[in-house]
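Both of the next two complexes hold subunit A, though its partner changes from subunit B to subunit C.
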Partner chain A sequence: MTEKTLDCLGEACPVPLIRTQNALAELAVGDVLVVEIDHSCAMKNIPEWANKEGHNFEIEEVSDGQWELVIEKTH
Partner chain B sequence: MPAAKDHQYYDLVVIGGGPGGLTAAIYGGRARLKTLVIEKSLIGGLATYTNEICNFPGFPDGIGGLELMRQFEKQAKHFGVEFKISPVKAVSLDGDDKTVETFRTVYHAKAVVIATGGKPRLLGVPGEELFLYDKGISFCATCDAASCKDKVVMVIGSGDAAVEEGLFLTKFASKVIMSVIHEEGHMDANAVAQQDAMREPKMEFRWNTVVDHFEGEGRLESVVLKDTRTGELLPEVVDRCFYFIGYLPATDLFRGQVTLDERGYIPTNTRMQTNIEGVFAAGDVRQTCLRQVATAVGDGAIAGFEAERYIAELEVYEKQLMQAELPGMIYVYSPIDQRSRDFLPVVREIERHFAGQVKLSLVDTYKGECLAGRLGAVDTPSLVYTRNGKVVGKTKVLEPQRIEASLRDLIEHEEFELAE
Partner chain C sequence: MTDQTAVPGSSPLPLLALLKRQSAFQSVFVQPWSYITGGVLLAVVASALLQSTGSVWGVTTALTYWGAWAWGLVGGDPHSWAYFHEVSHGLAFNKPGLNILNHAGSVVDLGLIFGALASALLASQFKIKAIKSGRQATAAILGGLLMGFGARLSFGCNIGALFSGLPSMSLHGWVFMLFIFIGAIIGSKLLVTLFIGAPKLSTSAPAATVAAAATVASPAPAGGGIKRIQRTRAAKKENVIQFPLGVALVIGLAIVGVIYGNVMHSPVLAATWGIGIAFGFILQRSRFCFTAAMRDPVLTGGTNLTKAVVVALAVSTALIAAAQIGAYVKGGSMDAAMKVGGFGPVGIWTAVGATLFGMGAVISGGCASGTLMRVGEGFLQQWLVLPFFCIGGAIGAATWPIWGPGLAVDQSQVIYLPNVLGGFFPALIAQFVALAAVWLLADWWAKRPART
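Now for the complex of A and B:
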């Protein structure tokens, strides 16, 4: 299992979502992708997409208005 | 094999971080309950999808939904509320140890507030599933308007949200096409929004239409509308399509445990209690007649308060009523009832008579019926006997001599049992 970090700080929608989709596609099942975001819109569309796709995820608010999305690729 | 889940213990777990859930958490936190809010995405829920909230009291110039929710969240954190952002995978709500699971953790709670709100309603037409969210069908103008600059978009619906968000989109898009199911000139939105929409040059209307299907290569390219009078198909090339056709309650997780109405909403009483003890519902998920930030806040306050009361009663029950040190005599009474009041000094006298051999506890049903319910004694006045933390007898016959005989029996015989 590997863990990769994707820095999307300062990027507005839909860029973080598209980069997340591309980055996850390159990982293997069970791998973890950590996406760093600071645009609140990405806090809606990335979890919505991950939920729809059935990937596991948890999110930490690392500071005010900045989050880390920890996504585990499930398929 | 997946790793064993971590177990964490809370007094109150609130599922859903919208205005209803956050308010319940604020009340829980302020009452010093160890409180956790579990939210699946952005804290603030549906309110964060609204560009401007004009009818939440206290903000005469309006306030952004996101900004208002940041304030709610800050207030909850101020009272020590913890947050976990992850979707809930399973719940087990019966009994005193309730659990709420995310993919890594099992959260245990004494009380649970369900404030999961709703999810956008879908049309279920061909092609829809292919283009949801990032592929062209959107539910949030605030989120996706910026990416529609100088593009043609379509809005489905004609209620307040559809028209107001459609107007917001005209600030970015070159054209906003509204698909309205009603006759020309008829919309469901409020009159002011309708007037503004009719005056907006960038807005066009397709009256008497519904979506027939969606088309595109990988991404949405056109919405094919159908004229409801003639059946004629009307393709419209658009860059993005926004749905504002209402919400469905997000209650799939609770089906089979919590009673739901035929539309999937959770019915509660005025105390926000569901059919399960210690489980409350608040906000849009509840069976109610108005779904606003202001109403969710009211629901949340009651749910948080009732959860606190429930937990307090639970502790009284476990620690006080079900104490195991001495044989117990619990007097269940109502201070507004004359017989109850008259007998109160008598039970106190009986306890004195047994000096140190029996413990008397009082349950006031006027304060709340939960404890009496747990004891299974609903009539007042009545007496419940306990031994080793268990109920061993109940009686409605309040004669001092009989009570004293029962107590002697209770003290002397391990096998004490009292027929009602």
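Now for the complex of A and C:
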């Protein structure tokens, strides 16, 4: 298993989501991608996308207005 | 999610800390609302603005005035611009004594910014988000200019033309929606090729080397979630500063409202201020984003926001149409009905302006309302977008003698659907059928088999 961290702090939509899609495409099934974001909309649209695609995900609020989205590639 | 349950043993504000853990408080003030909730509330509050002030919601005309006022401050003479003497959206500019604090359009915009700030503070989600690169700054400047300029040509932005104009059954709203979508597609292509930037991707240390540490530092998340190799930081500390600041800000905003009402004796400005704050609060809570509604179908395949925008437009149509029919019954003419709502002339200029606006919104990361909301949330990228939005609007107004005749703008070309479709009933049927068609199209688009 590999775990990669994608730093999207300060980036506005849709940059975090597109980078997440690209980064996840490079990973193998079972790998984990941690996306660091501070855009309040990305905290909603990335989980929505992951949910729609069927990947496992968790949201962790790591500090005020900053989140880590942990996505496990399932397919 | 386990992180939030840490008990702040020595919180200086134990009552507030207690309040913050109530689930009702969490779902209203902390967790994001659904897009539909946001859209319906925006429609209802926009209708309240129309009822209490007689004007529909708009964002960009005020930003153009801000740009023109700034030009005046550095020695220019914006009052002589033809735009402010000839064009419907600019006529109010030369009203004597008008300034940023008593111009209703400016007050609603300022309220929106402060409403979003209050909302972010109450949720403990305020953060100054830095601009990380020249690429981001370029996107912000270019996007702001395109939006400000485009909205002058199209007689309104995603709010004035789309969110207010379309439900008023003004054809320019429908044309704006079609072309902001086309602009968003072009903007998405530009964004992906020019402004996406290199991803900052790093790999965690191999599992073997941190395995021992991980068992100590990384407790398994609740619900047997995803196994992490490395936790990048300790659990979140209970924050005690932002929420009280938010409460203090709400009190301060209420005092400003009282000053508008009781000191300046303007109940209209007091209502406008309160409604602007409500817009900011709703936008921040729901992340309702017109740009994403237009952009995501092409860029990511998601249409949840698109469908929410359609629902909001339908609710708004019902509310505004009721007011228009009321005015028609009272005044006895279609002209009376057209006093209620947001109208603009429709033509090639609508298409050109909406396309430029859509491109700018996608590149800069937010439309007119979204830019103001994110200014309130502390997004420095939008702090940069805003002045260039104002400059773009001022450039559009200052150079109107080129674009007005150049695009053959005819301000009498206001097309009101009940006039051309033979009354309110057929126009409302056509309006709701068209909205339903867009909704079904969006629904089908998201569910169609994935392409590879």
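Worth a mention:
Convention: the second predicted complex is superposed on the first by the 75 of 75 C-alpha atoms of A that agree within 3 Å, B and C clash if a C-alpha of one lies under 4 Å from a C-alpha of the other, contacts with A are read in each partner's own complex, and residues count from 1 in each chain.
The definition used in the following text is that contacts are C-beta pairs under 8 Å (C-beta built on N, C-alpha and C of every residue); 3 or more make two chains touch, one makes a residue touch a chain.
Here the structure is a predicted model, which means the values were calculated and not measured.
Look at subunit A after the overlay: subunit B and subunit C clash there.
Judged by the touch definition given at the top, the superposed model places A:P47 against subunit B, while subunit C stays out of reach. Of the two partner chains placed by the overlay, only subunit C lies in contact with A:K4; subunit B stays clear of it. When both complexes are overlaid on chain A, the residue A:Q66 reaches subunit C alone and has no touch with subunit B. Of the two partner chains placed by superposition, only subunit C is touched by A:V34; subunit B is not.
When both complexes are overlaid on chain A, the residue A:N22 reaches subunit C alone and has no touch with subunit B.
When subunit B and subunit C are set side by side, the one touching more residues of subunit A is C.
In summary, superposing the two complexes on chain A brings one listed stretch of subunit B into steric overlap with subunit C, and the stretch in question is 20-28; the others among 20-28, 326-334 or 398-406 show no clashing C-alpha atoms.
Overlap of the subunit B and subunit C interfaces on subunit A: residues 12-14, 17-18, 21, 40-41, 43-45, 48-49, 52, 56-61, 72.
Residues 40-42, 48-49, 66, 83-87, 102-104, 132-134, 140, 142-144, 146-147 of subunit B are the ones touching subunit A in the complex. Residues 1, 3-4, 32, 120, 124-127, 129-132, 136, 188, 191-192, 195-197, 199-204, 207, 221, 225-230, 232-233, 236-237, 239, 242, 284, 287, 289, 291-292, 295-296, 299-300, 302, 304, 362, 364-366, 374, 377-382, 446 of subunit C are the ones that touch subunit A when the two sit in their complex. Within the complex formed with subunit C, the subunit A residues making contact are 1-15, 17-19, 21-23, 32, 34, 36, 38-41, 43-45, 48-49, 52, 56-66, 68, 70-72.
Looking at the complex, you find that subunit A touches subunit B at residues 12-14, 17-18, 21, 40-41, 43-49, 51-52, 56-61, 67, 72.
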